[in-house]
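The data blocks that follow each hold one structure.
The two complexes that follow have chain A in common; it is paired with chain B in the first and with chain C in the second.
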Partner chain A sequence: MRSLVDTLIVLFGVSTLVFLLLVLIPGDPVDVILGESAQAADRAAMRSALGLDQPLWVRWVDFYADLMRGDLGDSLIRREPVAELIMERLPATLSLAAIALALVLVLALPLGVLAARRHGRWPDHLAQGFALFGVSIPNFWLGPLLVLLFSVTLGWTPVSGDREPGSLILPALTLGLSMAAITTRMVRSSLLEVASQAFLRTARSKGLSEAALTWRHALPNALLPVITVLGLQLGSLLAGAVITEVVFAWPGIGSLLVDAIGQRDYPVVQGVVLVIAIGYVLANRLADLLSGWLDPRIRIAD
Partner chain B sequence: MVRWLLLGLCLLLGACTSESPDHIVFAVATAPSVLDPRLAGDAASERVNALLYDRLVQLDEHGTPGPGMATWQRLNARHYRFTLRADRADYWDGTRPVAADVVATYLSLLDKALGSPHAGGLAHVSEIVSAADDQIDFHLARADPAFPARLTIGIVPARLAADRQAIRAPIGNGPFALVERRENAGLLLERRTDGQRILFAPVADPTMRSLKLLRGEAHLLQNDLPAELYGYLADQPTLELQQVPGTTFAYIGFNLDDPVLAKHEVRAAIAYAIDREAIIRYLFGGRAHTAESVLPPAHWAAVGDLEPHTYDPARARRLLREAGFDEHKPLELSYKTSTDPFRLRIAYVLQSQLAQIGIRLRIASYDWGTLFGDIRAGRFQMYSLAWVGVNTPDILRYAFHSGSLPPDGANRGRYRSDEVDRLIERAETLDAAAAAPLYAEVQRLIHRDLVYVPLWYESNIAVSRGLADYAPGHDGNYLALQRVRVADDRIR
Partner chain C sequence: MRLAGSILVVWLLMALAGTLPSLEPNRVVLEEIFAAPSATHILGTDELGRPVLDRLLTGAGVSLLVALSTVTLSAAIGITLGLIAGYAGGLTDRVISRLIEIFLAFPGILLAIAMAAMIGPGIENVVIALAAMGWVGYARLVRVQVLALRQREHVLAALALGRTGPAITRHHLLPLVLAPIWVEASFGVAGAVVAEAGLSFLGLGVLPPAASWGGMIRDGVRYLLVAPHLILAPGLALFLVTMAANQFGDALRDRLDVTSRNRP
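Let's turn to the complex of A and B:
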């Protein structure tokens, strides 16, 4: 119950900040719609139609009233409901984030475990090297490099877009690599920390194999901090998809956001930022729930 | 091993194929925002809408109006009659465009509730009536000899125009029909004469756009690439690069309310310190032409005898000294530009060139909205922008008349000249032949007063693969798609 209240407070704060975006961003929505050649009377009429002539608090109340009805307003440029634009794009972003997350799990768990089990030896150095590479390389550079190799040179994948099969591979790889790198490091360090604990010594003395020891006993205990980080990263996957989507012309909410910022389409910017923020909050709450499920002590503490 | 892993992923996600599609893929930097000609304000939307909807009037490369889907008569100074041509194209749904469609289109456009960016230019239209099934009368509140040139908006069916919203399911009578539109994932059009399909695929990143062309995923690119990429693509044997002189006019604007820049000597010093030829040669790879006026040389109202401010650093230094600045009292100015990497590169070259005569240029780079907001509000000393798609001499009132100071127009430099105002107002009451000398004089005065430092017209460049009969339009339009052919059977 307390977490639900916390979540609602955070969402209220985020949505208020998002509303204030419209007021704080320099520029005039009327200019965006009517251009510079508009007559003063037309500008005044449009200002009134948009409610921009109302006091800030009235606009704030209207914003919440609309939000409660799921109405995020209309795009100034496309002249379509923002909610519809977002709903049309959201599945593309979610599928990209889901595949990237799957890639993270597929890469980071075995690599982290391998690095911890072969601590100080070459597999560990290799995993650490991969982690350093993944964290250091920016998405906007990695993306074109992958395209040069896999699309242009080898011809295995399409360059960009979502029309051809296999289009998702390179964007997901680009988006997931840095996250996989961070998670690999987390898994490794958590496992090393858990390895010295008494319950593992007991399990080992009972004659359990190293593999069973690692996967059945050490990993579930080491996963708690990893899940917390994954929760944070899952939220940032939505936000982080912005660059990847632009580079790969992936039709998700990230590229919608970038277009809207460039066109000063304030309601769309508001709507997308709100959705990303909600995604972030929900991902973190999900991570909290998972942690509680894995470790009853956390549930009891809550 | 890596290949097997990737193949596994391919199987998981479908299959990796790169078969040639049955349509021409045109990779564009931005997708059109609206497929409603009444609301299209951005260049991408206007260019695509011109393919979907026919207009009453077409402007040629000289900016001269000619019949589109209608011919016209001027019945008196405030009354024009347009007659729809018998050979006009039908709408895609088989219905025939009639006068009621034209009336509905223009009335809705003038409706404040719609909020059309084109309404300002038609504010003097007092009445639009259908005189017959194929005749439309436009009554004006004031005389406007250039009125037909303003009727270049696509005509939408009356039943769609009735809704005060953007058209979501467009029906036009242009040379192309819409087959499919997916939000930012592409726009598929079909040529009505032969069924050839064109897919407009938005790819914002210029490098990725070029790579798509190289790999054969795209067959056509036009503009919006950095100069070095054009050079690289031009060297590829499978690609063809075409270049036509453009009308996009780049300039440096001054804030004439600024006490330093109000001095003509300072503006002249800056103009003579800029080596435009070198910038065009090295930054644009020769793909631009020096400009002297906002109206391109081929325009009917252009002026051909403007003396260029040829690069002359010695003269620039002398002028700066006359203005009271020298090495003991250096001049420092701010210059606002966008965050576009190419525009920033130009800014750094300008900074270096102005440093040669002792001007220290502080470059401030902003996102588009902030930059434009600052310029509109007069919060700048110098800035650089470009005029895109200038087709009528209305630009002279819009950008230089003292009644066009923001928010009432685009006289962003706060230029005030009674003589220029008088000449523009007089020219607007005359036919083209009589107005042309007055517009030429206006441009001479603006050039003399150095309201802008005119820089260049950027060329329109198309890079294609396996296509024939395509060349970009003089203003960057896509109208050549009406005749483009697939020369390479693999695209068919």
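Let's turn to the complex of A and C:
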């Protein structure tokens, strides 16, 4: 119950922050959008479309009243409801994020386990090197490099655009690599932490094999902190999708956001930022709930 | 650690070299567009015939300037708010803590993109947008530390001797809080370098024609098939500096954190 109230407070704060972004536009937003030579009638229409003829607190109340009805305002350029534009593009972003997440698990779990089991030896160094590489390489450089390597030089994947299976892998890899790196680190250190605990000594003294120890006893315990980190990362995945989508011309909400920024379509900018931020908060809460549900110690303490 | 340190020193030297008056990062020579690397143009030229090396060096200056300004501004705001929250407690602490929580609940790069979109491109605006997401880490760190330190004997003794809040904060709390701040600042440099390049890549950072590594990658991607050398140099520079700053932060944390030193 308490965590629900906390979540609501955070959601309220985050959405207020998004609302306040509009205040940051220097000068008169109408000038910024229409240019200073615009007709007085157009200016007045734009002013009321943006709600600028109202005092800030009225706009704030309206913002929430609209938000409660799922109304994010209308696009200034396309004259369509922002919510509809976002719903059109959201599936593309979510499928990209889902494939990236799958890729993260496929890469990070085995690599992290390998690194922990061969602690201090070459597989460990390899995994650590991969982790440092993955965290440090910017995705807007990684993407073009992957295209150069796999599409241009090797010809394995299409260069961009289409929704065929092959065209998904490079964007997903671009998006997921840093998350895979962080998760590999987390799995490794968490396993090493668990390895020194008494229940594993007990299990080992019962004569269980190393594989059974790792997969049945150590990993389930080691995964709890990993899940929390994954939750934190899931939101960053949505934010990182913004740049990845631009690199690969992916038709998701990230490229919607960047296009809207270029066109000064502020309601769309606000709407997309709000949706991603809310997704981030909810992903984190979900991870908290999940690790609580998986861990009998937390479950009982609640 | 030594390699990371050397890379950071090279970055600094590149930034200094970037101020040389003999550089011509914005000289357009249309007869020489897309020249491959050669003796006259060590890293080749771009789509306007501008020398990539000159642009790389001036770009180094931009990234260094933005990274240091961002970290300084973020740390100043974060440390101040953290000290106030931790020391004052009560309602002040509750308000600042909520603020920290809300900013933490916002994916950092998204906030920077959104802010840059609203306040417009330009180097100062990049720093403002990045500091808006950067201060939170310092505030949280300092607040937690101060809460733990407040009841320590030396602070209570200073309080008993009649010293005032600001003096206690400056002489008895801040010095003990500084170690983790240095770690946060090293990661902050890495984060700011990537974020500045990311904003410039999206066209929200440093304004063209001024060179920045992110902007060079943005322009280079358009000619990826014709002139792949355009994205290689700025990307590699960006990657190495980020990796070095990250590794520097890791090493610093291991050195300062006594509890992790004895762990496997």
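Here is the rule we use: the second predicted complex is superposed on the first by the 279 of 302 C-alpha atoms of A that agree within 3 Å, B and C clash if a C-alpha of one lies under 4 Å from a C-alpha of the other, contacts with A are read in each partner's own complex, and residues count from 1 in each chain.
Just so it is clear, a contact is a pair of C-beta atoms (placed from the backbone, for glycine too) under 8 Å apart; a residue touches a chain by one contact, two chains touch by 3 or more.
For clarity, every value in this text was computed on a predicted model and none was experimentally measured.
Of the two partner chains placed by the overlay, only chain C lies in contact with A:Trp141; chain B stays clear of it. Set against each other, chain B and chain C touch different numbers of residues in chain A, with B touching more.
In the superposed model, A:Pro220 lies in contact with neither chain B nor chain C. Applying the stated contact rule after C-alpha superposition, one finds that A:Leu21 touches chain C and leaves chain B untouched. Of the two partner chains placed around the shared chain by superposition, chain B and chain C are both touched by A:Val247. Look at A:Ile77: by the touch rule set out above, it reaches chain B but stays clear of chain C.
Look at A:Phe133: by the touch rule set out above, it reaches chain C but stays clear of chain B.
Legend: residue contacts after superposition of the two complexes on their common chain; A:Gly13 is shown touching chain C, with no touch to chain B. Judged by the touch definition given at the top, the superposed model places A:Gly51 against neither chain B nor chain C. Looking at the shared chain after the overlay, A:Gly262 reaches both chain B and chain C. On chain A, the surface touched by chain B in one complex and the surface touched by chain C in the other have residues 25-26, 144, 147-148, 152, 246-247, 258, 261-262 in common.
Listed in rising order, the residues of chain A touching chain C in the complex are 9-10, 13-14, 17-18, 21-22, 24-26, 119, 132-133, 135-138, 140-141, 144-145, 147-148, 152, 192, 195-196, 235-236, 238-240, 242-243, 246-247, 257-258, 261-262, 266, 269, 273, 276-277, 280-281, 284. Contact residues of chain B toward chain A in the complex are 3, 6, 9-10, 13-18, 30-31, 33-34, 36, 39, 41-42, 112-113, 115-117, 119-121, 123, 165-166, 168, 182-186, 201-205, 207-208, 211-212, 214-215, 217, 367-370, 372-374, 376, 398, 406-410. Within the complex, the chain A residues that touch chain B are 25-28, 31, 33-43, 45-46, 49, 77-80, 85, 88-89, 92, 99, 143-144, 147-148, 150-152, 155-166, 168-169, 246-249, 251, 255-256, 258-259, 261-264.
Across the interface of their complex, chain A is touched by residues 98-99, 101-103, 105-111, 113-115, 117-120, 190, 194, 197-198, 201-204, 214, 217-218, 220-221, 224-225, 228, 231, 235, 238-239, 242-243, 246-247, 263-264 of chain C.
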